[in-house]
Every structure is written in structure tokens, then in C-alpha cells.
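Let me begin by presenting the structure, written as C-alpha cells, before commenting on it.
Naming follows writing order (A, B and C), and every chain is counted from residue 1.
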Amino acid sequence: MLYSVKTMALTTPALLEATLFASGEALSKARILKLLDISEKELEGAIGVLHKALDGHGLALIETDSELELRTAPDATDVIKKLRENELSRDLGKASLETLAIILYRGSATRGEIDWVRGVNSGAAIRSLTLRGLIERTEDATDKRRARYNPTVDALAHLGVRTREDLPRYAEFIGTMTEQEEKSVAEETV
Amino acid sequence: MLYSVKTMALTTPALLEATLFASGEALSKARILKLLDISEKELEGAIGVLHKALDGHGLALIETDSELELRTAPDATDVIKKLRENELSRDLGKASLETLAIILYRGSATRGEIDWVRGVNSGAAIRSLTLRGLIERTEDATDKRRARYNPTVDALAHLGVRTREDLPRYAEFIGTMTEQEEKSVAEETV
Amino acid sequence: MENSVTKMHVREGALHLRTESYEGPFELVLELIDKRKLSVNEISLSQVTDDYIEHVRGQAKFPMEDAAQFIGVAATLLLIKSKSLIPDLELSDEEESGVDELKRRLMEYERVRDMMRELSHIFGRQVMVSAGERAPEVVFAPSKDLTLHNLSSALGEALATLEKEEKLPEARVRTMVTIEEMMDRLVERVAKKLTMSFAEFSADAKERVEVIVSFLALLELVKQGAVDAAQHDTFADIRITNTSTGLPNYG
């Protein structure tokens, strides 16, 4: 590329904001690194600054492990509803909500892990959440044949939270979970 | 409300920002007055505050006599240009290829049909294929509120497809789709 | 109690319509424990065993693929109860770890239930929407990977996945057989242990025998429950065979 981003007047957080706004959808962090030509550490810093800069604004930055998106702030809902009534979301069933909770609080989960905790087959719930774009399938790092499910930006957006850490009682729920997770025989389904 | 994430009420300038962001295009001041349920004087004040609040941000408020619009800041032009070029030149990838293939083999498809075959939310893929001029949106004959997607003439010409029947493994794929559909009551995902 | 479950259960799509049923066995166990204001441990589990089995048997419409899970939990609960009734009954390592695992899973599920409740309060309440769509400037921009070959292989893969998913329920049902066999073994073992311990019975023998006889009857009922579930006519098109040994592979 001929032009360097860094020589311009806007700061990196502002450029990040502009890029996300212009894209209009979730962008992967990997892609942003290339577009802005910055390091991971710089991106991390910019995300932190932008989070703060948007405080009190009508917009918010949603962050998952892999993606970023600019969305309206949760408190703007009442006004937005008048404009975008078609985005009223249908409620999720209990099975889907449980499955989503596991994936969200853990950060990600395999099919086996979800079945292990729920004690029932979670196939239908996973399919429904995937269809609604609330979770997405990725390859498991250790075993490529196994699917791992991650929450999407849209999942956080539907809950009105910017990051997983903002989920209700996050620290409390996370506390003892790692311990159980280690013990669970993940692959075996009940 | 009992359970809200953060009950901090947004200020009028923040609500204005959210509204413009969600609309995606210029909104008339008259419409905004109604949406936010404020007086002309209040709107004037909010515009002034928002202008200032966006200082140093990647977004800017554009004001004409009668309209308001949220745009990327002028200094971000280079990055936005890079983003657009990148959007149009990168490979389609698995999600978009699958989506285009479904539309191509079926002749046309609704969002629900595409999601059903793929088992995932196809919003982003449809958006990208539309931007790249490979598919276009038409009205569904039976339900006008529902969008139906067709391959563009350009896409067909580029691929050298004269009739659908000439597509590789056409009969096989159509057969499988019909068979699977009969087995399941197609889930209509909006 | 069941109604509270039904109310929440608004399914997407028209595929599932469940009435008056528990989402899963853990939920049922926890509700029975909650009702007694107890926490999850072997004592509370042995106390809810009878109620659990009664509920499971009363469940006329069992989603086939979940029946195995309900029965599986019943079997472990019975083990725990057997042990509380007959302290001499020694559990194998495998059974011990089954009991241990059930406890851990129940505790973990308890937390997931709390998480789910938290999320149900906020889901869809304050949806953060994405930037509004601008009228797109369409530029015809094909890519290098846009070829008929890539398109057909992408669709081929998607359809293969779809077909695989559709076939899954049949594979899942096969675990039923294993559980049925397990129940048989359990009845046999408890019965054997009983005859052996009869000599040791003292003055309170009569009372104890009554407890144990009703317990054995209970085991029998569970066994019948398992058979019922397997022959449920709604699922007549699902074959259950005796041949399968391994666990189903979910890919």
C-alpha cells in the first residue's frame, strides 16, 4: 500500500471507529490489523480507548474474541424500535438459552461439553442458535474434526452487553467453572 | 425496568446519534423531532452538543437546512477506500460460495431457504454477494414482504452458465435438496 | 411445576412442540431437590429417586432421543439409593465414577440454570442494532475463487453436512440398549446381594424387607419404563437394534 494510515490526523481509535462504521457489519480483528496496518497490541489499546470514548454516546463497541462491531448503545432501544421495528427479536426457547449461556460464559464450547452439562442432546438448540446467527461454528484447536461454538457479536448485541465480561454475574459464574470443565469428559455424550 | 444492564439514561444528543446511526441515511429534521419527541430548540441544542462530542472521533455529523446524517470523518477517507477495495477484491470464501451456489442451482432462493440448507445465518454472505453484483434482490411472488435472491446476468455470464441444467452435478444436488426438504418442515428464518 | 416449564418453552420453527415436559433429567432432579430445600449430595439424591422415577414414568410423551438420558440418570440414582439402603453393596470403580460424575454434572447444570435465568431477563430487551443499510453502490466484482468447480464443491459439502445432520437422531437412539442392559444388571446384582444379606437381618428385618421389596418393584418399573420409551409408536420408524455396542459418533 502506498498511503500510510499513521500519517493522518485521526488517532488509531478514531480510525478504528470510522472503519467499523463504514463496514456496517462485524469485522474480524485479523482484517482490521491489516486495514489499519497496526500491531495486535496497538489494536488492543485502540479498543480500550474507543470503549471509553464512546461512554455516554449513542453508540457502543461490541467485542468478541475474534470480531468487532459498532452498534447502537443498549439504552437507545426505545428510540431505535420506532425506526427498526422489524428487528424485534423473538424469544429464545429454554434449551437454546441454556446452550447460549454455556457458550457465552465459557467463551466457547464443543458439542460434547454442552451435552455433558445439559444432560440432553443439544443438537436442535445448536442448530437453532446457528441459524439465528447467535453462535458460529469454528474448528477446535486441538481436534480439527470437532466443532467448537463461539458467540457472535449479534449474541452480545441481543443481550445489550459490549463484551462477555459485562454479562450478569460473570465473575461469579466463571469462578468455579474452569474446575468443572477440566474434569468433564468432553467428547463423550452422556 | 427491573433487569436492565445499565440503566443510565442517554442524553438527547446521544439518542440523536443512535438514531442517525441506525437509520443509515440522511433523516429529515422533521422526522427526528417526531422520533425523539423533542422541540426544534432542543434539537438545535442537541446538534451543537453532538458536533462537539464527535470531535476527534471517526464519525462526523453532516447538517443541511432540512436534514441530518452521520458519516465517516473526512480524515478517514484513505482507510475507508482501502476497506472498500478490500471488500471487493478478496476471495468470496466458503460462506459466500455456498450461498451463491444455492441461489444458482435453485434459480432463486429466499433467505429462509438459504439459511435452511446451510444451517447458518447467511445475512453477511448475502450482503457481500449483493455488493459485488453477483446476486440481486427481488420480491417473492407469493409473499411480497419476503426477499428472493437471483443471480445477476453478470454473474451468469462470468461463469458461462446458459441454463441451470448445465451446472455440474445439477440433478444430484437438486434431488438431495428436494429430498431433505420433504423430510423436514422447512424452518423459516427471517 | 411442569407448567412453568411449558410457559418458557417457545420454540423457534414448527419442528418441536413439547408440552408438560422437562427440558432434561438434570432439571427434573434439581427441581425435586429444590422442592425439599436440599442441596446436591448423595443423601438428597437418594431421597428424590422415587419421585424422579415416578415423574419419568408419568411422562407419556417422551422425546425419543432424550428418553435414554432420563433413564440413564434414573439408573445412577438407583445406584445411589441402593447404596443407601444396602450399605454392603459395593460399587465398582466405574459405578463410583458414574455417581461422582452425576453429582458434578448436576452442580454444573445448577450454575447453567442460573446463567440461563440471568440471560432470559435481558435477552432481546435492549438490542443493540447495527448501522443502517445505505443504498449499496453495486460494483460487479467477481473473485479468483468464483468458479463453477468451487461453487459445486461448496454446495456438495453443504448438502453432505445437511444429510448428516438429518440422520443423527437414529444414531443417538442406540444408546438405549446399553442402558436397558445396565438396568438388568443392576436388578440382578441387588437381588443377589439381598439374598446374601438376609441371614444378617435382625429384629427389624420385617421393616427392612418391605423397603427393599418396594425398591425392587421400583427397579422393575424403571425397566418397563425403558421398554415403553423404546417402543413408543410415534417413533415407530426408528429402529432399535441389539447389535450396537459403541457410542454413537457425532462427528
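In the analysis below, contacts are C-beta pairs under 8 Å (C-beta built on N, C-alpha and C of every residue); 3 or more make two chains touch, one makes a residue touch a chain.
Source: prediction; values computed, not measured.
Visitor: Name the most central chain, where centre means the mean of Cα atoms.
Guide: Chain nearest the centroid of all protein C-alpha atoms: A.
Visitor: Of all the other chains, whose mean CA position lies farthest from chain B?
Guide: Between chain B and the rest, the longest centre separation is with C.
Visitor: Chain B to chain C: how many Å between their CA centres?
Guide: Spacing between the chain centres: roughly 40 Å.
Visitor: Cα centroid separation between chain A and chain B, in whole Å?
Guide: About 19 Å separates the centre of chain A from that of chain B.
Visitor: Hey, how far is the Cα centre of chain A from the one of chain C, in Å?
Guide: 29
Visitor: Which positions in chain A are in touch with at least two other chains?
Guide: In chain A, 21, 24-25, 70, 72-75, 80, 84, 127-128, 131-132, 159-161, 168 touch at least two other chains.
Visitor: Among the residues of chain C, which are close enough to touch at least two other chains?
Guide: Expected reply: 12-13, 15, 121-122, 125-126, 129, 131-134, 165.
Visitor: Could you please specify the touching residues of chain B with respect to chain A in the complex?
Guide: Where chain B meets chain A, its residues are 4-11, 13-19, 21-24, 35-36, 53, 56-59, 70, 72-73, 75-76, 78-80, 82-84, 86-87, 115-116, 119-121, 123-124, 127, 187, 189.
Visitor: Which positions of chain C touch chain A when the two form their complex?
Guide: Touch residues, chain C against chain A: 5, 8-13, 15-16, 23-27, 65-66, 68-69, 72-73, 101, 104-105, 107-109, 111-116, 118-134, 165, 168, 172, 175, 247-248, 250-251.
Visitor: Can you check the complex and tell me which residues of chain A touch chain C?
Guide: On the chain A side, the touching residues are 21, 24-25, 60, 62, 69-75, 77, 80, 84, 87-98, 100-102, 104-105, 111-112, 116-121, 123-124, 127-128, 131-132, 145, 156-161, 167-169, 173, 176-177, 180, 183-185, 188-190.
Visitor: Report the residues of chain C in contact with chain B in the complex, numbered from low to high.
Guide: Interface residues on chain C, with respect to chain B: 12-15, 121-122, 125-126, 129, 131-152, 154-159, 161-163, 165-166.
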